[in-house]
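Next, two complexes with chain A in common: one pairs it with chain B, the other with chain C.
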Partner chain A sequence: MDIPTLRVRGMHCAACVALITMELDDAGLLAEVSSVALAGNNEGILTLKSDDAAARDRVQAVINALDGYTVHT
Partner chain B sequence: MAKYTYPILGMHCASCKKLIEKMVGKVAGVHHVQVNYATETMMVEFDEARADFADIKAAVAKAGAYRVVETDEGPALAAPGKIQKPLMGGMQGSHHDHAAMLKQDAYNRLRKLVWWTGLGVLPFFGVMARMLLIAFGVLEKMHAPLGYATFSGGYRLNVFFLAQFALATPIVFFSGRTFFTSAWSALRARSANMDTLIALGVSTAWAFSTVATFVPRAFGERESEVFFEAAAVIVFFILLGRLLEARAKGQANDAIAKLFALQAKDANVLREGVEVRVPIGEVRPGDVMVVRPGEKIPVDGTIVEGASALDESMVTGESLPVEKGVGDAVIGATINKNGSFRFRAEKVGGDTLLAHIIHLVEEAQGTQAPIQRKADAISAVFVPVVVSIAVSALLFWLFVAPWFGWTLPGSVAVQLAVYIAATILIIACPCALGLATPTAIMVGTGRAARHGILIKDAAALEHAHRVRTIVFDKTGTLTKGRPEVTDSVFADGVAKEHLLAQAYAVEHLSEHPLSAAIAMFAQNHTNGTILQARNFQAVAGRGVVGSVEDKTIAIGNLRFMEERGLASSAELSAQANTFATHGKTAVYMAQEGAIVAVFAIADVVKDDAKEVVEELHRLGIQAAMLTGDDATTAKSIAEQIGIDRVEANVLPQDKVAAIQKLQKESGGLVAMVGDGINDAPALAQADIGIAMGTGTDVAIAAGDVVLVKGTLNKVLETIELSRLTLEVIKQNLFWAFGYNVIAIPVAAGLAYPAFGVLISPAIASAAMAMSSLSVVANSVRLKSLTTSNRIFSNTLFYLAIAAFIATVGYMGTLLASV
Partner chain C sequence: MPSKKHGADSIACTLYVSGMHCSSCELLIEKKLIKHDQVLAVDVSRKDNAVHITLAKGTKIEPQQLNAEFQELGYTFGIKPIAKPRKPIFVKRDDGRWQMNGDILRRAGKTAVIAMVFLAAFMAVERLQMGRFVSVNATSSLAAFFLLGLVAGMSSCAALIGGLLLSLVKHWHDAHDEATGSKATPHLLFHSGRLAAFMVGGGILGMAGSRIAFTNATVFAVVVLAVSAVMTLLALQMLDIAWAQKIRLGLPRFVTRAAADERRMSGKYAPLGIGAATFFLPCGFTLIAQGVALASGSFARGSLVMLLFALGTLPMLAGISATGLHYTKKPHLTARFSAVAGLLIIFFALYNVNGQMNVLGYPSLSDWRIFQSRAEMENLTGDIAAGESGAMVNGRQTIRLVAQGFAYKPVGPTVFTANVPTYLEIEDKGVVGCGAYLAARGLFDGYVPLNPGQNLVDVGSPRAGNYKITCTMGMVPPVTVTFQ
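Coming up: the complex of A and B.
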């Protein structure tokens, strides 16, 4: 089974990881995410715990609302 | 609700700013927090009954490796009536001085660390030199040149190795501690950066060498060699690269502090009919203020009584004093010249025009992207690849190579495997990559400084060649910034030279810039006659009058002549009108009852302005002009020089918007060239801000580049130097990467089975050091590199690289068994 992930453009450093983690926590969505990591080339990867589409959409919405970060498909 | 501003260090990007704002914003009692990345400050508004500095400091620390210092915002731009606390320890000055002090302190500590590490590393350069001498047969190879320390049970330690352990260990774990902490932080974020590779390489070399020192036969029957020199030298070169980079980043920008310093500190206010002197922070809207000649206008307002001429040049950039009367607006921080008046305060504290300009500069600085560390971005991919190669090589040489008989004579497979893995990690250390850009920037900025171009922001040197539009301020940038007499017409039959001597006698007694222009013109065109004026009088807003040789001489504007009942001839009037259509000021001279001359006064263009604009066009760069002056004058100047695009009557905030618009429209970068305080926000907003050294301190502080003598052709020199610098940076990066691409396979032992070529960790560190030195040497070339000699110079450089690679290969074969 493929591990559900989201690629986020704009993540370039540990501060970005901490910021996004905090935002997801504030939105009550951190439980949906198993890891937030940098992938290089100004991108990061969020690994989701399940392939629940609704959870994925909520996480995506929180990240897209942040200035400087975009989930790209 | 109290508002404080604190310096913050440790931020490296906009994400840090957002992280800190978010963390501090969560503290109970905090109402508002705003971090400015460029000025490294944080403004916090909070309820002092619910939160204090300790809470804020804890929140900042929780966000990451950031440091905040308790201090206070400067006075006067705070809201009126707020109680100002003194700074910690009784120190005075703006918070921005503290930020600069902390940055300087961090730089000094790094410099001291590099110095002491360099001293500690010197013996290891001796170790490497010894190895070379052994390879060339000059010295006999001795495994234990200092003998052994023998213990009971036959346990012995190589003293030479012990000494190296004692020297290298503090270097690795004290000087190099930041690499380990940074690599650990990256690891926690499940990422890798340049420090990851450095930490791995250094720790591998140190760990292997330490085991080999204290357990000599851990890796086989034959006692292993050690690579302490590799660990120590890596740490030194990386720290050196960091130091050079910090120097190349330029001076701390104190534009904001200089703007703060423009404010008046106190003001004369009428309270219940009595004039009292109060601190500026206590002025409220509606207060009636009294201003006398020579005093600074404290806040923005409207004149209610009296009149004067105000020097508004520090805000508007325009050189001529502006006449003001009842109903006219006055601007805080401008200077009252010669009259007294009263005005009603309307905008105070953070609402004044000066505060607005400060805010614009802060905003513009905060939106500029910092220099990205290319090495970190590349390391995120490079590091895992190198580690994979090292692990693969380790496994190959441990388990696979022995099957083919590929081992080092007299050693077991594990020794060769670890040897190769350590060599890969060491030789892959991108020290040269870390030095590639900062060394070139440093040499480039040094060369620029020798030519009167001060580069304050290294990114400006890196990017200036990409400019496609240059926006010029008019007064003081394209023009000389002071009025000069450009034309003169005289009535028929007058003795011009004698008339000019009379003019000089009167005008040189006045301080008005127009008088100074006429006095200079007259002095240069008289026949040496010196005359004296009596009964001199300066009439504000009109002109001057005096008695010379018993004749009344009056010089001034048309209104002055009309008030004295004087009219000029049709011919002189026509000439005066012609002057006006060219944007020049007409000044009349009357002798007794007749107007006898008209002078045209204008701020003339600089001698090289036209030539520079032509050259910019040849380079494919568009020239634009923004000015607060009127459209007629602006258009006249633009036509003289060949400017492509003109915008006149532009306020400071409009200049920023104009730059932003050009940045969107332009296919490349937009540079701004200016000299006045009103240019400071635009200089900060532009991709490259170029300040004229002859301009105001604030413009100089806001610019990325300062042209010391204010000559326009230095703009062209800056662009050429940027092109050459970028070429050298690209060569350095190519070499730094190319070296790794060539060296890693060889370090992995690819050439060993067929050619017997193996790079020892010692040679790896030497080669790594040489690659760093070659990057530095290439950067030094920039001192004398020009567009005309670059082909020859580049050819020499590539030949040198080829020779270096050949040398390393040769040394590899010689030292395979060392």
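Coming up: the complex of A and C.
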């Protein structure tokens, strides 16, 4: 089974990881995410706990609302 | 800068934090600090390593408390400003030998490469006589100002004005229903007001410039040098040079605040007025265009300069209107654009400075023959017989030049006797651009407009010294004549 992930453009350092983690926590969505990590080349990877489309969309919306970060497919 | 609604019962304090290295760090610290109940507003500045906090009166926040909270993230708070560490020029290697600091070496290398590129570009511009396209007078192309507007439209100027426009549109639509006008109405009003204000404002500046004794080449040169200094400062800010960031340019805050006041955004014709008021917003590129309009010395030229500049900004601003998006949300593209634009602006500023050194008669890069077009210097001919120049005729001597294309060529010697009545005779065989306006500080005041054919100027009895004959902008490679 494929692990559901989101690739985020704009993540370049530990502060970005902390910032996105904090924003997801504030939005009550941290429970939907198993990890937030840097992937290099100005990108990060969020690993989701399930492939629930609604949860994925909410996480995506929170990240896209942050200045400088974009979820890309 | 996050903040909560608060009244006057608050106190401000500043802490200093080490460990920040990017804008994400600023945002992270701001968002974490604003969660504290006693914190009403936070503003973090990575450049100063400073955290400006507004606290509820009677409360406080201790650096030690923040250090415990932010320890895992690598930030350390204190009450003293953080001194920037000086980079040693030489560092000791593992094998005990000393070598130059790699960072400094790379920076020196980059600076040398940039300087060589600048000199090569200067040589190309001089030899291709491109100065004819960027001078400000009735015969020159004004396309340069449209290009300047295009560049401004892709910079922070567009972020400033675009943000204002989007906010204005929202307020306007909230206040007016569909019957008042289409969705395009506030946009059309805004851009119309902006274009009209820039055109009229530019004309007024040009008229003011003519009052500043435009016919005095020295005063004109000082104005251009001042504009070039502003251009250089803005360029250094775009290149993120620390000391340059501390110098802010712009109009008094009460003017810019009034232009951006949201309470004025709901009236039916408010977009027209607010668009016009953007003339006064502290955009660096606008200041450059305004300086050139002032230096143009004419209502018509000043109007055209500012109108073309505003038209240049229109595509990007219209794009922001249409989409509500701005590419400056992509930080890496913004940084790269700022660096390239900054270097280009520095180049043009230095080119202007070189030109004004010619106008003022001081040594300049143009004196180096390597920058002069040899073909132009060797192929010009005139009807004046070579060898007659310099000879005394009836107690007078004559400097003879031929003006053709974007160059002046002396016909005969360029050394004369001082304190002797002298004429300057120029044969115009099709000079272009600002080359049609001759300047020679020390020989005559102001400038001489050239007419096709023979032109004769009485320059009196010049004292001993070197004099440069060039165009009003100093872009025509100067001819230096010596009186001894």
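Definition applied: the second predicted complex is superposed on the first by the 73 of 73 C-alpha atoms of A that agree within 3 Å, B and C clash if a C-alpha of one lies under 4 Å from a C-alpha of the other, contacts with A are read in each partner's own complex, and residues count from 1 in each chain.
Definition applied: a residue touches a chain if its C-beta (ideal position, glycine included) is under 8 Å from a C-beta of that chain, and two chains touch if they have at least 3 such contacts.
Bear in mind the structure is a predicted one, so any value in this text is a computation, not a measurement.
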Quick check on the superposed pair: does A:Gly68 touch chain B, chain C, both, or neither? Answer first, second, both or neither. both
When the two structures are overlaid on chain A, which partner does A:Cys13 contact: first (chain B), second (chain C), both, or neither? both
In the overlay, answer first, second, both or neither for which of chain B and chain C A:Gly40 touches. first
Check whether chain B or chain C contacts more residues of chain A in the superposed model. B
Touching both chain B and chain C, residues of chain A: 12-16, 18-19, 22-23, 42, 67-68
Would you mind writing out the residues of chain C in touch with chain A in their complex? 21-25, 27-28, 31-32, 73-74, 329, 331-332
Show me the residue ranges of chain A that touch chain C in the complex, using the header's touch definition. 10, 12-16, 18-19, 22-23, 42, 67-68
Note: in the complex, chain A contacts chain B through residues 12-19, 22-23, 35-42, 67-68
Given the complex with chain A, which residues does chain B contribute to the contact? 12-16, 18-19, 22-23, 63-64, 185-186, 188-191, 372, 376-377, 380-381
